[in-house]
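Pasting in a structure now, in structure tokens, and then I'll have a few things to ask.
Order of writing sets the labels: A, B, C and D. Residues in every chain begin at 1.
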Amino acid sequence: MAKDFTLSKSRFEAFSDGVFAIAITLLVLEFHLPAFESAPTRTDELHALAGIWPQYLVYFASFATIGIMWLNHHAQFRHLERITYGMVVASLALLLFVCLIPFATEVLAKFGINNVTVVYYGIVLLGCTLGYNLVYWQILAAHPQLPRRPLLWNVVGVSVYPLATIIAYFAPYAGIGLFALLAIFYMLPSNVAAVAFRPK
Amino acid sequence: MAKDFTLSKSRFEAFSDGVFAIAITLLVLEFHLPAFESAPTRTDELHALAGIWPQYLVYFASFATIGIMWLNHHAQFRHLERITYGMVVASLALLLFVCLIPFATEVLAKFGINNVTVVYYGIVLLGCTLGYNLVYWQILAAHPQLPRRPLLWNVVGVSVYPLATIIAYFAPYAGIGLFALLAIFYMLPSNVAAVAFRPK
Amino acid sequence: MAKDFTLSKSRFEAFSDGVFAIAITLLVLEFHLPAFESAPTRTDELHALAGIWPQYLVYFASFATIGIMWLNHHAQFRHLERITYGMVVASLALLLFVCLIPFATEVLAKFGINNVTVVYYGIVLLGCTLGYNLVYWQILAAHPQLPRRPLLWNVVGVSVYPLATIIAYFAPYAGIGLFALLAIFYMLPSNVAAVAFRPK
Amino acid sequence: MAKDFTLSKSRFEAFSDGVFAIAITLLVLEFHLPAFESAPTRTDELHALAGIWPQYLVYFASFATIGIMWLNHHAQFRHLERITYGMVVASLALLLFVCLIPFATEVLAKFGINNVTVVYYGIVLLGCTLGYNLVYWQILAAHPQLPRRPLLWNVVGVSVYPLATIIAYFAPYAGIGLFALLAIFYMLPSNVAAVAFRPK
């Protein structure tokens, strides 16, 4: 009875879209204006707004990351008709790490780019990748007719993210470069299309 | 006239999904980085990020709790066709306590695990359980053809949550253990399926 | 051309539901734990959690208020088929005041119940009432066949809210009592049903 | 294969509506009550609530701005049947700037109206305008049968926003006046109707 219990696709997507939308919008709360002891001059204000330029970069990177993750989550479920219990639990595991991205972003913005903060960011991204792979396995489990082989994005995710995180420990900027390349890879239309399951 | 006033299931679900999604995403705001008087060294930063490990545990627990609650709310309404006024009011009462979970989580993260904080967390979970039971009664009230008997999850909820909260007063860790067992129980696919009403 | 421009009911509702859901969930951010100079004892913690009891009352009142407003917004649009430009603008004016409720709640929680804070809360509620009336007129404007007369809820809203706000200036607790009576009035199933337009 | 990959319109809209709804509701977090050293008198409280009147204006302006942007985003996609990859990426670029509005609002509220803060606000609005134009081009790219010419709103957006931002540097209040005129222009029903694509 529990075995054939399926969930409403629309509610599952509404909840997931809500979490992605909130996580991406919360990124803006990371921006902090400095406290001034006396009334700031316009030069102070200009410096305050321009001086947080690394935060703009980090904001952009995290916004793009969550946007791409939403796109891939969307692609994974686009053509499915049944949402199983296993897919929902795997998806919650994924969202657990997606929701940590705003915090990892704040860490990066506050402490700056160094081997502690970039490795931390990498671990959160690694958690997201494992989440996507978990969702993948659950979708395969529900569709025995689908071919059972890892795709390029699975292999890239579980191999390059750990590698980039290790590299980030020794060379933070190289790690960030690899994360950016991975983001571009996952954003390519051909990859988004490849992520999509077509049971029929 | 008011008697046969029914509500739009899609708007009711969109609103509820929104509240669950926001509550689960707000959990991340609980993480606070310590303020450093001088520029932190990388060791300081590492200690700051690793030193909040109890917050990660609490984050995980609350994330799982809200996720499971969303799953059960979803199951309760999955097969219903009419949403009555009573169901909406009962559901708002439930959401009132769901929205308190991020605060109870912050209390636990800030003050640590002790008999005050775990009892507080337990009272919020107890409120959620009573909310689910209220929704249950309202669904029964709208479907006279459904069998009118408490199910396992009703009995477990209204008996074990108060018990676990009392135990938490004397032994906080035992209380947490019981809350975890309850979470696992409510997450079991067989229980989620049992929560679902099938009017036809 | 602009005249017969209609909007998608589903997107209008999704956006409105989102705003209501976020406003109701943001209420929890109002709770603030006191800062302790040294590590708090459990008695300190208990006092901290129990000492904010007025905030629980205010939280409950605002949660109920936003919940009831969502319910009435839902009822107003339940049976409409066309969403006009005027309805959307009127609805945005309403949401402008709904979004202020969390701030008015924080004011009440922080400064306590007195003639300044309750009048402030009353002004925000008055803005919401005017918003609902604006929506009402716009719905009437789009449906010439509907009877063109103020209903009980219109009259009560635009007369009792200003009255209660004035009373709150001289007797804050009496003002709060009237706000509570108004909330109960708007929550009555018969009123929610009366708010609903049935063009056909 | 990637070429004809289309996305679910409902999920795309749910995600976008979520981001707009959260950004508009986060505006309320900008209001900050001053910290009092001793218990504030009622006069202190009144001054605190009335003294933030510039913040109310800024709140109103940003609320209207985001509301109008949501309305135009809605109009752009109202009659489309297929959502392409390019539209989604362009829309994410737009939302990147929409999400910055609450921060630009806080800057304006905190530092007051001067040439630094109004120019900053103008740059964010300019980013939004470019985002809408990007979406426009992507929609045209997917519908070769649509006439390929810039409309009034395109021309106004990409010319008057930079102009207003430059003027704001020399005369902040004149810049704000122009932003207000632009907001009114984009809010006109005739413009909202003009923004809408009608592929058939």
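Keep in mind that, in the parts below, a residue touches a chain if its C-beta (ideal position, glycine included) is under 8 Å from a C-beta of that chain, and two chains touch if they have at least 3 such contacts.
Keep in mind it's a predicted model, so treat the numbers as computed, not measured.
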Please name the chain that ends up farthest from chain B once chain centres are defined by their CA atoms averaged.
D
Shared numbers divided by all numbers used: is that above or below half for chain A and chain D, i.e. same or different?
different
For the identical-sequence pair chain B and chain C, what's the CA-based rotation angle in degrees, nearest 5?
90
Centre distance in Å when chain C and chain D are each reduced to the mean of their C-alpha atoms
25
Per the centroid of Cα atoms for each chain, what is the distance between chain B and chain D, given in Å?
35
Chain C residues counted as touching two or more neighbouring chains
10, 14, 18, 21-22, 26, 29
In the complex formed with chain D, which residues of chain A make contact?
10, 13-14, 17-18, 20-22, 24-29, 31, 33, 40, 42, 45-46, 49, 60, 63-64, 67, 70-71, 74-75, 78, 187-190, 192-193, 196
Per the touch rule above, chain B residues touching chain C in the complex are 1-3, 5, 7-8, 10-12, 14-15, 18-19, 21-23, 26, 29, 85, 88-89, 92, 95-96, 99-100, 102-103, 106-107, 110-111, 114-117, 120
